[in-house]
Structure formats: C-alpha cells, structure tokens
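The chains carry the letters A, B and C, assigned in the order they are written, with residues numbered from 1 in each.
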Amino acid sequence: MTPLVNPPRKSIHQIDARTKKRNAAEARFKAYGLAAITLGLFFLVVLFTTIIKSGLPAFTRTAVAVEMTLSPADHAAAEKQLMKTGAYQKLFVAAVQQQLRIDATDDAIQRLLGKVGGDIRAFYKENPSMIGKAHVFTLSASSRVDAYLNGKLTRETLVDSRFMQLSDLDLVDGLVDAGIIQSTFNWGFITGADSGVDNPGGAGIGASVVGSFYMMLVVLVLSLPIGVAASIYLEEFAPQNKFTDLIEVNISNLAAVPSIVFGILGLAVFIQFMHLPQSAPLVGGLVLTLMTLPTIIISTRAALKAVPPSIRDAALGLGASRTQAVFHHVLPLAMPGILTGTIIGLAQALGETAPLLLIGMVGFVARGYPTGLLDGFTEANSAMPAQIYTWAARADSAFYDKAWGGIIILLAFLIVMNIVAIILRRRFERRW
Amino acid sequence: MNTNHILSSFDRDLEGVQAHLMKMGGLVEAAIHDAANALENGDTELAEKTRKADRNIDALDELINEEAARLIALRAPTAIDLRLALSVLKISASLERIGDFAKNMAKRSLIVNAQSPVDGVPQTVRRMARLVEKMLADVLDAYMRRDDTLAAAIIQDDEDVDQMYNGLFREILTFMMEDPRSISACMHYHFMAKNVERMGDHVTAIAEQVIYLTTGQTPGAQRETRDLTSIEPALSAPEDK
Amino acid sequence: MKDNRIVERDVDNADIRINAKGVNVFYGDSHAIKDVSVDIPANAVTAFIGPSGCGKSTFLRCLNRMNDTISICRVTGDILLDGEDIYDKRVDPVQLRAKVGMVFQKPNPFPKSIFDNVAYGPRIHGLANTRAELNEIVESALRRAAIWDEVKDRLDAPGTGLSGGQQQRLCIARAVATAPDVLLMDEPCSALDPIATAQVEELIAELAENYAVVIVTHSMQQAARVSQKTAFFHLGSLVEFGETGQIFTNPKDPRTESYITGRIG
C-alpha cells in the first residue's frame, strides 16, 4: 500500500480549478432545474388561461328578454296546433315585434332566437295562473347571435344562410341597444342536461355531473375496499412464492393496460353477458373500478411497505396477532398513502372517456336527471368527459365553447374531490 | 489467539507501559547488584550512587502507575488486557519496594563500612543478594515470556533465600554474643539480610502476578513460610553456650 | 443487607427459566445457529454478545418465536420455557409472546398516546376488565419502567414525542404491562445517549428482580455492567457461556478472549 502523502499546503482562500468546475456544474444543474420548473409553470399558465378564456363563454348566454302576455284564447289555439312549440315560438316572435321600434321581418327575428317555444310552453304548463298576465321571459338567443356578440362572428366572416343573414346583424345591434338582447349568467349550463345538435344554447352539463358522481361512488365503494384488502393480503399475509410473484407482475401489467381494453371488456362482460343496463353509471363504475384497482393496489402496497417494520415488530412482540398488528397499527399509519393512491386512481377514472364510449355512456344520452336516488345508478346517463367529447365532436361551433366550459366543471369537480381527500388525509396523518 | 488488537494504539499503550516496567526491573536489578557489591567491597562511592539511583526507580513507578491508570480509564481493558494492567500495577509496586530495600542496604553499608567489618557476613549477604538478583532477572524474563512454569519455579527458589536468611540470622546472633562490640554492626547486617529476604518475598509476589497474568488464576495454596525466626523459639531465644 | 456480590455470583444456583438444548436455525440453506444450548436463569440478566452476524439476535428471536414471521426460517432443537416446549404444536405464538416480552433496538412506540401504548398489550390480552384496572396496570407498568414521574402529567401526549431514552423506557413499560415472565431485549441502548443508556441499564437491573432478562448487546461494557451471565456467540455457535465476571476477567476460550479484548471483530 502506498502511504497517503499530503500535497503541499495551499491556501483555502484560493479556489482551485477542480472546485470551480464542480461549482459550475452545480450551478448549471440548478439552472436546468429552474428552467424546467419555469417551463412547466409557463405551460400550466397557458393551459389555464386557454381553458378559462375558451370556457367562460359557456357560462354566459345571450338572452332575449321580452315581456309577453298570453291571452287564454292564444293559449287554447296554440295547444290545438300540431307543432305546439312552434306556435309558442311564433307568439314570442310577435311579442318581440311588439316591443321593437325598428322594422324587422318575423323570419329575421325567428332566426335570432334559439329554440324557445318549448320553454314558454313548459312555463305555462307549470304556471297556468300566469295565462293572461304579463311576464318577462328571458330566453336564449341563437348561437349565431352569441358568436356575433362574442366577436367570433363578424360582418366579414358571415356567409348568408338560412341561419343568419348580414342584415340580421343590424337587427341584433338594434335589439342590444333596445336592451332586448342581453348577456346573462348561464345557470342552465351548470344545471341542465344535453340538448339536441341544433340547440347549443340549451346544452348543460348538470346531468353528466350527476352521472360522473354516481360512477365515482361505484368506483370508490368497490375499488377502495377490494384494493386495500388485496394489498393487505399480498403485503402482510401472502407467502412469498412463484404464485404471488405472478399475481404481482400481473397487477403491475394491468395498470398499464389501455383503458379502451377495459371498455370493451365491460361491454362484453357486463352488458352482453350479465345484461346490465346500457349507458348506466353502474356499468361505467364497474369498468372504471377494474381500471382503478391496479393503481390503488400498487399505491396501497407502497404505503404499507413504507410503514416501519419496527411497528409490526412492536405489535407482534406484545403478542398481537398478525391481523391485529395490521388493523390496529399498520393500516392507520398507511392510510394517508392509501388515500393519496385512491385519489389518484379516482382522478384518473374521472377523466376516462374511451371505455365509457364503448359501453354507451355517450353525451347525448344525458337528457335529464335520474328519476330517483337509486335510479341514478341504472338509468342511462353520460359522464363529464364523454359529454365533453360529444360536444367537441358536434358540427355547430357553439358546442365547442360548451366543451371548454365542461372542462372547467370537470376540473372544479376534481378539485373538490382532492380537497375532500386532503382533509381526510390530514385527519389520518400522525407523527411516527 | 491473535496477539494484535484491532486498535493498534491500544497495543502501543500496552507495550509502552510494559517497556517502562522492564526498564524499572533493570534498574532494580542493578540496584541490588550495586548495593551488594558496595557492601562486600566497602565501596562508599558505589553505595552513595546506589542510594541516589533509587530516585529514578521511584519516578518510573509513578510513571507506570499513571500509564496504567490511563490505560484502564481510556481503554477499558478486559480479560488478558485487564490482568496485564492490574499486574503491571502490582509488579511496579513490588519493584519499587525492592528498590527501597536496595537503597536501605546501600545506606546501611555506608554505616557498617565506617565500622570494623564482621568476617564472612557481608559475603553471605552478597550471596543472598545475588540469588535474589537472579530470581528477579528470571521473573522479569518469565513475565516477558508469559512463562508461568518458570514463575512457579521462582516461587520455590525463594525457599533458598529464606534458608540462607535463617542461617545468617543464627550466625549474626552468634557474633553478637561473642563480641558485644559488634552488636551495632551486626544489627545493621541483620537488617540488610532481612531486606534481602523481603526482596525475595517481593520477587515471589511478582512471580505470582506472572502466573495470574498468564493463567488468570492466583496461585491458590500459600507457600509455607520458611522464615522460621519468628516462629521457632529455638531460634528467637538462642541457647546458652 | 445482602451482599450483592455474592448474589450476583450465585446465579448458577438460580431457577432455570428457559432451557435451550441443541437449537439449530436455518435460513433457507444457510445454517444460522449451530447446536446452541443455553440455560437462562430466572431473576437475572443474561447477555448475548458476539460480532455482527454471529446469530445472537437470531437466537434471541427464537425465544419468543419472532422468527416465525420469516417464512424461510426453520428451527430445530428444544427450547423449553418453564419445562414446556415453546415450539410444541399446541403453543400459539401469540400467547407465548405475551409471556416472553420483547424490546427492540430502535425505540418503537406506536404513534399513539403514552397511555394507549402501554394499555395496548393488556387490552388485546384482556388483562383488565374495567377502566380502573387498566389505569392501574398502566401506572404500575410505567412505574416499573421508571418513567412514571416523567410522563404522569401527559399520558395523553403522543409516545413518539418523548426523548429517545424515554421512548425506550416506554417500550419497556409496554412490554412489562403484559405481565411477561421473560423480557428479551435486542440491543435496547444502541440508539441512546450515555445518560439514557445508564437509565435503561439501571432499569434492567431492577427488572431482573422480577423477570428473567435476556439482552443482546454490541457493547461488551454494557454486557459487563448489567448481566450476571454472558454468552459469547461466534459464527452461529455458542463459544462460551458463563458467569459474567469470569467471562470478562478470565475467559476459557481463546476466541472469547480475542473478541472481548478487541482482537477480532
């Protein structure tokens, strides 16, 4: 062995080349990290501003507010018509004409309105006492008016069609001046259900939110206990052998299986074989449970592994049985980790679209709220991501705004879920 | 057994304290030798030198005590190391006592040399001293070699010293009865003989420490004392001539 | 007044609590413990010393069947607790571990209150019928572990908030609370500072009046300080077992001598 010889002493006030190089490398690395974070933040900001900018129009709606008095005779006449809503629509057009100071044809006004006849009819059906009395209706304008007022449609880009003509825009301006056309908050978007392809103004996401909620309920109730039970068994009780190794590998593989595979599996097993109702949140929940389970199992096992073995030793050393050790000590300590894994799994499931499309939970089936508390599981409904997909795929560009708005609601739903999880985790979290 | 500690500084400490002990042993051997020679040859200068040299022995004893205390405090020795530390303390104490006896001998030889010597007695004392000197050399050797057989033999050798002392005791007694003028010198000779006999006992104690160090057992059965002067009335009360 | 020195040297005549004969332990193919026979006396401290990996901890964990939790571990030979084979088919390890308590290297209180830590054992074994009884058990266990005065005013505080030494004494209190016959301690002071170590050692000495204490330690000085009997393990074998004073002043086996004087690791 060669003896270690100290090199001649140098002042520590002088920084040598090697140290300089290392310091430079460190500074460079810090800069890279900072750059990466800045880039990430930049994209996040871009993403959020885009989402909010594009999505906000969905929350406002351009409405036509007009006072209308329906005489009993008109009511009776309209009810006799074959196209009842059409008749109401005509009555409303007449009311608009009455309040309008400028000239306009009925057709032109008709073009500016959304499908409002149904709303009027529904109002009088619910409030028959209002017949013969004056009432201010605030009803949707057509999506073209919306687009014009939002600046998406200009006089230059407008192409005359049966939906809108250049001259109509003058009318719109006039109506805005007269205070008949106004912008209001679109409660209907948050509370409503999907509308027809020709009525973007009436489209709402409420029904899909309920669908997603029921689905998440199914996923949570099924995947959390099953996942945690499976993890506890695998981690704490299962003998280490080839068989458990195989299970382990398969669980890891399942986590990587594309979601569409689970969708087609759900279609084949739950709907075609087990004859569960189509488009039902129950089936959606079952499919998403299958998808979420591997995530929950993997994260739960990691959480269980992270509990110091000394805690198990302590419990076993006191004469606690395996089960007691796990349920009294290990599981409570692993709970925060398990919750984190669960919330990640649920968030993933919440945003999943592909499998839902395969089992029929497409947007347009979300035509209304479930009729009962339990019916919510079995009645056809959609889910938020499927709804968003459906809207984005529709021809009318007004649905595009709705899709963005839907994404805001989806994110809000996710944030609420996360907050609940964080609160729960706080309550479980303990110091070692 | 592996002889080296994992911690080499521990070995160095042990070696250091033992080296000092050996040095002390050498000085004590020389002191016995010189004291005996000074007595036999009436060498006042040598006697004076021997008396002064005891200071070095005492200093070494102090040093060894200090080193052994440090060793025990800092190294927390166990088993063989503990026995070594303990035996070093005891051996150094014995050597120090032997040194004191040698010094005392040298002091007394200065006094007796000034008076008329008694024939034959200094030679016998010297012979005794030689024997003890050899025993001391042997016991230090046994210590270095961790030789408990040799140490046991040395304990037996002490009997010879005791025998010689018993003989000398009678001789001195006779001289004193024959010529009361020699009583003063004879008393000094007797003390010197007693010193040498005590040296022998201390060498025995060192030999016992060697056995303890090597085997971990203190030699159990106490050797019968051969200094009969204190128990035999025939010796303590001499018969009339 | 009794002469402690005589009491300490008198352990050979004491009752034998655990009697191990020809114990072998295998981890899969490796032979971890080779034919070890040891008699653990009652009311005394027995120390297991030896270099790392010599099998002392493994052997200790055989005494309350903590090795059962390792699936590839196999134990042969007889270990008798008060004359009864603890590896008998009729023995439930859960019940055994209540009789043979264990304290671990790292203080490992549950992340619960001090009270709940101590009360856990009595609760799962049903040692207390009423709240008052439970309080009494907890108090006496904490008193026995010489920590009562330090924690009596904050029994609801988390056990993990105590200092390292206090935590370890809390763990000892927790083990004592199940009324064991034997206390196994696996390097109980290795994570503690000297003052806390001294407190735990004093506690061990007190505990030995009521329990058979077996302690595994890396510190030979600690073994020398607290134990009456010492067993030296080397490469899975029991090299020497005897009275502590004898082991530390005059060991019979050269391997023991080499180890305790610091000549082999």
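Just a few scattered comments:
Throughout what follows, a contact is a pair of C-beta atoms (placed from the backbone, for glycine too) under 8 Å apart; a residue touches a chain by one contact, two chains touch by 3 or more.
Keep in mind that what you see is a predicted model, and the values were worked out from it rather than measured.
The minimum number of touch steps linking subunit B to subunit C comes to 1.
Nearest to the global CA centroid, when each chain is reduced to the mean of its CA atoms, is chain C. On a Cα centroid basis, the chain most remote from subunit C in this structure is A. Here the chain pair with the top count of touching C-beta pairs is A-C.
Rounded to whole angstrom units, the spacing between the C-alpha centres of subunit B and subunit C is 51. Distance from the subunit A centre to the subunit B centre is 102 Å, each centre being the mean of its Cα atoms. Per-chain CA centroids place subunit A at a distance of 58 Å from subunit C.
Taken residue by residue, subunit A touches two or more other chains at no position, since every residue touches fewer.
The touching residues of subunit C, when paired with subunit B in their complex, are 220-221, 224, 248-251, 254, 256-258, 260-265. Residues 1-7, 10, 76-83, 216-217 of subunit B are the ones touching subunit C in the complex.
Considering their complex, residues 64, 66, 69, 71, 94-98, 101-104, 106, 108-111, 120-121, 124-125, 158, 160-161, 171, 174-175, 178 of subunit C touch subunit A.
The touching residues of subunit A, counted against subunit C in their complex, run 239-240, 308, 310-321, 324, 328-329, 333, 430-432.
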